[in-house]
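Okay, structure first, notes after.
Order of writing sets the chain letters: A, B, C and D. Residues in each chain are counted from 1.
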Amino acid sequence: MIVLGIDAGNLFSKAVLLDEDCLLSSSISETTGNVCSCVDSIVSEVLEKSGVTREDVKLFAVTGGGSELIEGLYLREDDVLCIAAAGAYYLPDVEMVVDIGGQSITSILIDEDGDVVDFMRNDKCASGSGRFLEILSGAAGIPIKDLSNAVELAENPVKIRSQCGVFAESEVISYLNEGKKPADILWGLCDAVAGIVAAQARRFPGVKKYTITGGVARIDALTSRIENKLEKEYLKFPHDPMLGAALGAALIARLES
Amino acid sequence: MEAGIVLEKGGLFDRVSRLFAVIDSLPDELSDEEVKGLTFVLPPDARSSIEAMLIPRLREGSLAFMRMLSSWLKKAQETAESGGKTILVPFCFPPELVHAFDGAFPVTSEVLSTLGVVALEGRGERYYDMALGLGLPDYICSANAVEVGSMLGSDDFKPQGIISAAAGSCNINAKTHEILAFYHRIPMFVLEKPVDNSERGKEQYRKNYSRLVGELEEFIGEELTEEKLRRTCEKVNRANELLAELWDLHKAIPDPVPNLFSLFTYGVRFSMWGTDEAIECMNVLVDVSKRRLKEGAYPAREELARCLLTYTSYYFDLAGMFNWTEERGYTYLGDGLDLIFPVMIDTSSRDSMLDGMAEQSWNMPMTRQVGGESMSMCWLEDILWAAKELKADCAIYSGHHSCKQTWSVVSILRKELMKRAEIPLLVLQGDSWLSRTTPITAVQKEILDFIGNVVAQKKKGKRKIRKRLSSTAEFNA
Amino acid sequence: MSVIQRLKEYSKVIFNESVKEWKDSGGNVVGYSCVTTPPEILLAADILPYRIRALGNPNTEMADACLARFNCSFARSCLQLGLDGTYDFLDGIVETNGCDHLRGMFENWQYNRPLKFFHYLKVPHQTNDDALKYYIGELLLYKQAVEAHFEVEITEDRLERAFEMEEKVSAVLRETYEIRRDENPRISGEEALCFYLLSTAMHPQKFLLFAGEALEEVKSRAPLEYRARIMLCGAATDEIDLLSEIEGLGGLIVSDALCFGSRAFFTTPVRVDDRIEILARRVLDGILCPRMYEEFPKRLNFILDEVESAKVDGVILVCNKFCDLHGVDNVQIRLSLEERGIPALQLEKDYGSGADVGRIRTRVQAFLERIESRIR
Amino acid sequence: MLFGGIDIGSLTAQAVIIEEPDGKSARLKIHTKSIRVKPDPVESAKEVMGALLKDIGINWEYMKYVVSTGYGRERVQQEGLSHDNISEISCHGAGAFALYPNVRTVIDIGGQDAKVIRVGPGGELENFVMNDKCAAGTGRFLEVMSKTIGTDYEKLGFLALKSRNRFELSSRCSIFAENEVLHYLQRGASVEDLAAGISRSMADRVMALARRVGVEREVMMTGGVAKNVAVKAELEKKLGLRIVSPSLDPQLIGAYGAAVLARRSWRES
């Protein structure tokens, strides 16, 4: 049975095409002013990539901030559930999923059945979020995708203290102006963000095994630091972690069918 | 105010009073058309709040509450005009002591702030900015900052004295009162609550309380006779009975008491307790709730969650918070400010009455919990008790940035609630009085996600994602 | 390395050599964090009183899982050091209701990593007789708790010796302030802070030897250069770096009203016989902390006197973000100083001055330029 | 005689040279240059000043006195590119005063921070306040917001003036505000209304600062955001007075002030 999962995030939209456990294709694009057209384009893209026709798709499921804007008969689920489902399904003994999204960090506690027990999200401050990281690595003159490699070159790392995005940015700039190397600053940046994520994750003390989803989880320089800070076992998400919610949506759809 | 910045004409108090003066002229029964007409003249923000209060199922209770408030505001002005003493008090101080005097009247800063946020254009944030403009930090208590900003930044109505009763239970509240007294050169009377639950502590508090009474008698220039005390205490006791009655009504499933009544209840408690207006208003709240109980009335198809709010609610959008939740079947059993623990005052003698009032004061919200010996444990015990009494199945922490006390121990509360009573706690980070901190839409999403995944899910039974998914996988494989 | 150099290095360590030795010789160490906790009682029980500090430690990961982002970053930094084991050398803690953030810090510390001895000393916010009587009672309970747990008797003459030691320590610290106040100061604010930090992290006898040497060296050296004479007022500021930043820009800190500074030992002598009452009066009458809601005039006058006698050009009012007490009090002080034509700078910052040091430098430099342009 | 000022901002670097003809004539010539910053402020300083000198065909050694300000001002001096370094706060004050001696209040909104500066009748720095709280209300905030609605912050001002209905931007954190603006944008809010809302919230932040040191006539706005007509208009409304625009590009005031102070220091020495 072929299922289409969509995550209409605030900053990025993602689509996945699942045939049972086989991920046929996926697509990610920045969410524009018009969510619908954006979603349509990634949907047709995944279909094209996999050579599947709309008719072949049995179920459509959508989640994410912009989901209510999407017309058509879609099954809607909230992102907490979807992320949990993805984590629970692909990593059978994971107890917590930490999702680092565009502007928030959510840690979701799941039980042995894979049901959500509890979750926490920071809705006030975006520090530590994907956008935070993006802006700051940008300020240091390094695109976020090159972050990991850049950090490797660090020699004497600095400490980023400000938790406000814009202030942290001026901290980064002053470091640059003091002649500090971008690598050293980015090291400090990753360490700071890892610290914020770790603090969030520590709020569920009992947990032994966890995974991280969301675009930021692609950055090894970060996940490895989080791993070092937490006295818990980190299980890597088997697919592109940015697709977590979309995959979850598809999985839930399969359940509800 | 400092160079170049002109004092605004008419501040929060003046504006709110003029707004509420209208209420008196309204008939007891209001038709939907009349409501439309009434709210037509209001600025958008005020309109949405007043409309939220005047929807049919809430109309009777809301009108009673608004009448109570308008008379509170009116009497404050009259006291000032007739040369009496208006005294600013914090919400955690029982205003009945001031009501007992003929020549004095209490104005509660948090109630005023809330009115500003509810009923003024721009949700009173202008006044908050005025407070910041003085250089006050952006993390001061918004519950006070809105009112304080108006007092510092405009030629608003000013009290003649201040009772600083949060000394001991809240730093920022006491400091805000201190700078207000300093800025306007008005006397401040401190009532300290020792963070000490032992008999020594209680004894010390009784001493502090009777010292306050003496200071007030001197300031107001009036003796607090036994008759005056008795007159007031009897009204307090009557209101306390009604409060207890309303509390019991909350126990019914589904809860017949509308969410907004939680706010009304302490709205009355913090402003007019010890007066006839309070009794009248409480009577209506109780009657409406009883009627709803008989009819089995509930705003949603089913009661999905019985939420106990552990501290405050969000006041900047009544429709978006109180009504929005109950229409989805999320009941407010009340919040931390409803944890009043009424004390029946023994009216036999002056001393017995003063002791009773002191004990009542000791038991006020905030004073009792974070003013206790251990912030986390005193708070936790009250929440556990209330949760059990009212059969809560989840708890929501929402407060404001400046509540350093609850914020510093909310992690303990969360763990212990889960451990001792299996009650999950959602921690919201918005600010009760400022929409700018976290927009109501974000708050609503949090609540939906929480109740949808953590609370309602439990009742519906597990999804067992792991087992079922893998089985389907195997089946299809 | 010069003595003062050594003293600086020494003060940068939390679990310093002297404390190590004390522990190795089987001695007990009890931590406290607020100046309303008289160390004499611990000393009299032959316990080393240690004032809990964070020395600008910027890491708060573990603490942030307990305290919220809206809690003072100093309290969070201290809690971090408590949770990550840095403070495991403490045999106990005396909590006070110094401020709401500290209360929260202690409760989380005790909840997540309990210590054997934990006593809550409750300090009134008022200074009237009832408050005094209550506080005397509190100090007695504190004394009894120490006696009971550590199985010692705090006799009068033990107490007397403790008083003498502490008095000597205060005398040395006051001397550092005298030297700073001088027309040609020979001690920087940074160095004076190190003196204080050591005095609360070392046994008095050891400290007196060390400090004595350092003072001799200081007196014999050349006066310090500066652009302007600054008075630094505000919260728990144990950040050596912050002071050196300010002084590096030319603002020599010739006096202060800091919790890690003058506030801790500038006490007016008390003339009563009962030692516990002396301690009580010292704190209630003497303490210049914004937690005392009715004592603003006292606080202001202290600053005005210092501005006068130390010929201060400008006052910097520092406070950690989310500090309620100083956040508001600093406004009151700023208004009062500007009223009198004394330049004042309100500096709100995250604890651990590493945070946006660039912005702090800009504000301080501009403040010095402001002072100079007035002089011009 | 030539006096120079170098101002390294977070996005652009400026250089200004004041040319004082020999002899009695008081007619001063002002030369200016602006470039995008390099990662290293010393590099930026070298390049911007070098380019300006090239423009007017003069060599470094003819510069009598140079003052550096802004980011890395100390290092610029250490590298020998300037004789002294002065905070941008003093420089903006001095620059504004030199252009317009009646100015008593300068509102300078730069990339990373917003400042309100009080200047005395003699041009002395009387008082100032700089945002030490949230960074909302800085140029960066406006820049992020402009990008979100697909414009730049100069154009955003003109868009805002066309706004028909009131939109209240409730979040202050630039990252959340970005999300909020997107949210409304996706739900069909007009770009003009959003622009107006953004400008208003900007002005609110600045007002909170202004109240702290007080505002006295005349008021001048400097820094990049001064080019945003809507923010300026909002501020004028809230202050109830007209805001003077400098006769020089508002972004150059810092560097110009530095040059003015350089000239003064030279005379005093």
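One rule holds for everything that comes next: a residue touches a chain if its C-beta (ideal position, glycine included) is under 8 Å from a C-beta of that chain, and two chains touch if they have at least 3 such contacts.
Since the model is a prediction, treat every value here as computed from it, not as a measurement.
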- [ ] Could you tell me which chains are in contact with subunit A and with subunit B alike?
- [x] C, D
Task: Dominant interface by contact count, named by its two chains - done: B-C
TODO: Work out the mean Cα position per chain and let me know which chain is farthest from subunit C.
DONE: A
TODO: Go ahead and note the Å separation of the Cα centroids belonging to subunit A and subunit D.
DONE: 38
TODO: Compute the distance, rounded to whole Å, between the mean C-alpha positions of subunit A and subunit C.
DONE: 44
TODO: Could you tell me which residues belong to subunit B and also touch two or more other chains?
DONE: 134-135, 137, 411, 437-438, 442
Open item on the list: I need the residues of subunit C touching at least two other chains; which ones are they?
Closed with: 65, 346, 348, 358-359
- [ ] Could you check subunit A for residues that touch two or more other chains and list them?
- [x] 124-125, 167, 170, 173-174, 177, 203
TODO: Name the shape of the chain contact graph, picking from line, ring, star, complete and other.
DONE: complete
Task: subunit C - residues contacting subunit A, complex - done: 58-62, 64-65, 69, 350, 352, 354-359
Task: Residue ranges of subunit B touching subunit D (in the complex, touch as defined) - done: 1-6, 44, 122, 129-130, 132-135, 137-138, 153, 435-439, 441-442
Open item on the list: Help me check something: in the complex, which residues belonging to subunit C touch subunit B?
Closed with: 65-68, 70-72, 75, 97, 99-101, 103-105, 107-108, 111, 120, 122, 124-126, 128, 130-131, 134, 137, 290-291, 293-294, 296, 319, 321-325, 327-332, 334, 346, 348
Open item on the list: Could you list, by residue number, the parts of subunit A that touch subunit C in their complex?
Closed with: 124-125, 159, 161-163, 167, 170-171, 173-174, 177, 195-196, 198-200, 202-203, 229
Task: Contacting residues of subunit D [partner subunit C, same complex] - done: 71, 86-90, 112-113, 120, 124-128, 130, 132-133
